[in-house]
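What follows is a pair of complexes built around subunit A, which joins subunit B in one and subunit C in the other.
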Partner chain A sequence: MILRYLFRRILLLGATVLVSSLIIFLICRLLPGDVARVLLGREAGEAALAALRAELGLDRPLLVQYLDWLRGFVLGDWGIAYSTRQPIRPLVLERLGNSLLLAGATLLLALPLGIGLGVWAGWRAGKPDDALINVSLLSVTGLPEFVTGLLLIDLFAFRLRWLPANSSIRPDATLGEIAPQLALPAITATLVLLAYIARLTRTGVINELSQEYVRTAMLKGLTPLTILRRHVLRNALLPTITVIAISLGWLISGLIVVENVYNYPGIGRLLTFAIDRRDLILLQAIALITVVIFAVANLLADLMYALLDPRIRLGDE
Partner chain B sequence: MNVQRLGRAFFADPATAAGTIIVAGFLTLALFGPLVAPYSPTAQNVDLIRQPPSPSHLFGTDRLGRDLFSRIVYGARDMLALAGGGTALAVIFGTLIGVSVAYLGGWLEELVFRLFDGLLAMPALLLALLLLGAVGPSRVSVLLVIVVVYTPIVARVARSVVLTLKPRGFIEAARMRDERLSYVLWRELLPLVAPTLAVEAALRFSYAIFLVASLGFLGVGVQPPNPDWGLMVLEARNEFALAPWSLYVPAAAIALLVIGVNLMAEGVRRAIGES
Partner chain C sequence: MATAILEIENLSVEYHAGRRKLPVLREICLSVAAGETLGIVGESGSGKSTLGLAVLRALPANGRISAGRVLLDGVDLAQTQGATLRRLWSRSLRLIPQNPLAALNPTLKIGAQLVEAIGGRRDAAEAQAAALLARVQIADPERVMRSYPHELSGGMQQRVLIAMALHGAPRLLVLDEPTTSLDVTTEAAVIDLLADLIAERQPASLFISHNLGLVARIATRTAVLYAGEVVEIAPTTTLFQQPRHPYTQGLLRSLPHPGLRYDHHPLQPIEGAIPAPGTLPAGCVFAPRCPLADDRCRRERPPLLAIAPHHATRCHYWHRVMLDGALPAFVVPTTVPSDAPLLTTHRLSKTIAQRQSLTDIARGKPAPAVQALSEVNLTIHRNRILGIVGESGSGKTTLARCIIGLTPPSGGAIELLDIPLAPLIHQRPREHVRRLQMVLQNPQEALNPALTIGEALRRPLIRLGGLDSKTAANRVPDLLRLVKLPPEYAHRRPNQLSGGEKQRVAIARALAATPDLLVLDEAVSALDVSVQAAVLNVLADIKERTGIAYLFITHDLAVVSYLADDVVVMYRGQIVEQGPVAAVLRPPLHPYTEALLAATNPRGVRLREADATGTAPAQGCPFQPRCPRAIGEICRATPPPWREAGVGHRIRCHIPLADLQVAQTHNEPISSEH
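Then we have the complex of A and B:
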């Protein structure tokens, strides 16, 4: 049963990623007008343009170019970044590793904290501490990542001198060396996710608390803490998994900005670099790999949900 | 729908009223900017660089001696025009596409929403950056980005409501009466989709402000020397020690506007939910 569910999900996701790859390709090839001119700049001569078109295969039909690009991507040949003349795959994979490290550190901070605050606020709904949590979370969401980031730099790097302001880590640095440089970016990205996770968890808890079974448990004489722990949390945390899946999109968007605030050498920094240089070939590869990762992460969250809640996979039939 | 009751429900909450006042304040600044701003937003003055806030320069000056108050005022204009205009267009396109395609159904619905799924498989900022990388940064590009990023989301919301309405009796009755398609779409369906879309529009507007500011900060949105708030933060990011106000003034403007719009959006959601 679960296998069939999994199979269907993968098929659907594969189709979506395929559509996405086509969109990415068309955005990068059709919108700029003349790709060769964008890459070479305004002053480029006709001969240089023609040579580049031939080199990149831009003179071939669009469909051929698309299929060729897609095949190369699947087979591991991602092409050469035009701006730096480096092969794209090792470059992107190295940056991706850094980004995943930062994303992991962020989730490690944001999940326990966000769920904790959300459960607290939901349990104490309508009381002063719930209001306090709500207001402080709301004010944090009001601040874009780069504003909170710069505030944190000002406080922790310049005034207190606890942490470095710049997180441009060397490729051969050990985890111990990286940790302090990871701290501020991870905290900044956490602040954005925190409000989101906490608010949805709060809704889940409030929802569960209004169910009949809670009243039964209460009439049965269970202590509030037991009810919360044994009954409410188990049900309320289920939607939280979906929350994690949804917030992955936020996390990716947030990390793009955060990496740029701290000069952290991740995929988001590479992305703005590619745009700055108008390197469409590199841009295309970064966009596609991000979409694939986003899709796989979503699939994993979906799968976890289905494993935990039989109603999902059975109701699907 | 009773407009008066809706208005009362909207303003009953002090937080919503506060948010509305904030947004109205920025809107006034944006509309009457040239009358309020004492200087040109791009005029540089080498004799007056990095002046702290004072009566003649309310928010101080930046590293090029430009008056920050004037830049904020003119920046409000760009911010509201881009975020507001982009959101309005996205809501219009999203509604037109979402309502009509969902009602018609069939292969057209399949095609359009598969395409939208492909767009939405990209996190919003990634799609925005991809588009900007392709068309190059400018004001018009930023507007285009907001429309492309938010149209599919609005369409999806509109569709979900239409799908719940489609099997209802009054739609079947309209079809039996042989009403024109446009009548069913815009007279029967739209009024019932509108409340949900209003909530969505308010939410999109707050995200759009966030997005415009982020693109400015990343240096891929509105270009210098325009007084874009996000860009102002980017240009002042190394001014911590020399002129912290040039960093904090635009940052505060962004935060204040986003919070104001968020509070307002929350009010719209609540007011519509109640009535």
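Then we have the complex of A and C:
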């Protein structure tokens, strides 16, 4: 039964990715600009352009190109980047790995901090410390990443000289070497996520505190801290799981600004590179892999939610 | 009387709403002895739940005790704080709340929640938890302890909370509408159990309820609360037989009694509504609604006068409160309609597939399907009221939804004036939609808060009545008058109306289309007795004037016997008995009908609680596993036959009719010699 449910969800996931792939492909092809012209430059002759188009398969009907690309993607042949003449798959996977590392580091910072602040604010709702937390979180979120990023670089890299300003990690670096380079990008991304996670947790805690079972727990003679720990937290944090999954997707693709500020070799930076060079085939691969990660993260969140909340029922509909 | 262990002295409570302070309880004085149960009755808004929470020191954050003392064994709870208060909560003070599911943590297992309440070493606490569950008549404590709250039936959840309140030596037990969310049959069993446990453990108990009949069964003395004041307090039997406050009398006159019918002894609802907190009148709080009130009442607040031993009332003119003589029971003539049926169902069936939890799926349990309706045949005639009764899960609401076309039946047919109806409402011609209308239980959810009452009533007039918008607007006052509301209400919005007024608007909206049949699904169940009485009278009046037919779904047999001409008794999707109301209810023949009626009788037969997870037996009689009169193998093996018990009266049971009649007159078990 669970296998059937999983099978159906994975089928649905496949459909999502398929539809997205078509949209991604069409958008990339409908963009103005001729790939051959971009690659060969303004002076190239018609014959050379036609030859390159034939070599890249761009003279074939759109549907054939699409199916060919999709088949290759599924089978692991993601093609050769137009701009660098490198195979795309190892390039994207390496950058993806870097981005996951940064995302992991960010969550490691943002989750405990955001949940902690949120629980504190929710527990003390309406009191001065709640207001203080809310105001400071909102003001931090209000600043764009490139501003906080530059401020952090100025402070930690140039004034204090604690951390490097450039985070262009080498592929063969050890974790110990990477850690200081990860710090500033991770802190910058954390500041973006923090308010979101904290406010969601705060709402969850306030909502659960008003439930009747909290009164039952109180009448058992439990201390307020025990009530919070044993009863409120688990229920209040359930909705946060979904948010973590969605922010994981955001972290993979949405770190464009942060990665560029720190020159971090993640997938977001690869994306700006691909756009710069009009490297459509690279762009397609990046966009599609991001969709896959989004969809998988959401499926995992749903499954986790169902495991943690005994009331969730899975079935038809 | 034994010495009181709980003494409430001049207790006043106020709520803060923004900067305003709203008094909700004023100068409450009550005392309760060990082992005694004091009933607290009143309509919603009277402050009875606030009283319960205040004595437990469990008021919500915006409420506080502004004056007075709550002495438990000589200790003033109102002055207790912090660790001392927590120790009292853990050892002495206990609450059994109205909604057991909400009161249990949804993501913790029952066992863990009980162990936490008991405290101490884990294995000892677990053993004690199992013993407590057994004490509250839970058959399989081990299984229940491993369950999550939502996996248990409402009755089981409430038993768990009762068990939780029992550990140690409780001194004060507050029962806040503990059975309101339960079926009548379950309610009866839970009330018996509570009475037993209070006698055994000897706490001082407050039994808070809007249900006067229920209070009469468990409370030795009863206090009537109105607008935050005790208006009368007396031994329960005295209070019911010789009320000395006009409000108490009004409540009693609003209550449908067996043998009373709308056409011979109409209920007498109390006019007006309870004042909102912060808008109390200067003199007597009840004066604006009181038939006896004069200038003195509006000027001078009456004190709580002791008028007899243990009997006090807050009325200047208590000696003028007239006693009702015993009303002669009126024998309802059994009438059988002669005209063609308005609506008939033929072998109407509905199967509903259930959803599963992930853990159940992982355990490989098959997806359950419930037979919500099984071959239901019934007939509704013009100008008649058909009552549908049964416990929750009997298929009452599914039947209503199939008739209205909200849910497609799995089998069978519904005919309106011999024309088959399409299964779903959007497939039906507008004329069919117009003829069948429905009123739901909760008017709060049924009315769009953004529309004025006038707009809400105009829509069906235009869409279904075919009127242009000007004519429709002119019809709105007539509709409001039909449900006894002033025409000015057309300009109000739902949140400016009381619950009873909203339900009248919902009825008016359903009547706008001039339907032939109005389906009322528990339409008066959520209302206070005095409001319910007014709505019932409105319904009876409309039927008399327009000849409309009602399908009246309810769990309240007193209401059915007050209003209905015919009654259908349903159990697990099947009709087990149907016929004219007098023939079916007095005396009841089918053992299930008998059990439903007996539920309000302190010494009546009791049913074993239905297992929420179990399905009806595949063969034999569906009621057989719970039947107190089952006669053996035949009940288990063979579906019972339909028997004719009189004109239009049919019953589905293996027991011969003569034996059932004898059992009713002598109230004795039927031997299994058949």
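Note that the second predicted complex is superposed on the first by the 292 of 317 C-alpha atoms of A that agree within 3 Å, B and C clash if a C-alpha of one lies under 4 Å from a C-alpha of the other, contacts with A are read in each partner's own complex, and residues count from 1 in each chain.
Convention: a contact is a pair of C-beta atoms (placed from the backbone, for glycine too) under 8 Å apart; a residue touches a chain by one contact, two chains touch by 3 or more.
Treat the numbers as computed from the prediction; the structure is a model and nothing was measured.
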> If you stack the two complexes on chain A, which partner ends up touching A:Leu31: first (subunit B), second (subunit C), both, or neither?
Replying inline: first
>> Just checking: does A:Val291 make contact with subunit B only, subunit C only, both, or neither of them? Give me first, second, both or neither.
In response: first
>> Quick check on the superposed pair: does A:Arg230 touch subunit B, subunit C, both, or neither? Answer first, second, both or neither.
In response: second
> Between subunit B (first) and subunit C (second), which, if any, makes contact with A:Gly221: first, second, both or neither?
Replying inline: second
>> Which partner chains sit in contact with A:Trp162 here, subunit B, subunit C, both or neither? Use first/second/both/neither.
In response: neither
>> Does any part of subunit A touch subunit B in one structure and subunit C in the other, and if so which residues?
In response: none
> For subunit B, which residues are in contact with subunit A within the complex?
Replying inline: 114-115, 117-119, 121-126, 129-137, 210, 213-214, 217-220, 230, 233-234, 237, 240-241, 244, 247, 251, 254-255, 258-259, 262
> Along subunit A, where are the residues that touch subunit B in the complex?
Replying inline: 15-20, 22-24, 27-28, 31-32, 38, 138-139, 141-147, 150-151, 153-154, 158, 249-250, 252-253, 256-257, 260-261, 271-272, 274-276, 278, 280, 283, 287, 290-291, 294-295
>> List the residues on subunit A that touch subunit C in their complex, please.
In response: 1-2, 5, 211-213, 215-223, 230-231, 234-235, 238, 303, 306-317
>> Help me check something: in the complex, which residues belonging to subunit C touch subunit A?
In response: 56, 58, 86-91, 93-95, 97, 99, 102-108, 113, 116-117, 119, 148, 150-151, 161, 164, 353-359, 361-362, 364-365, 367
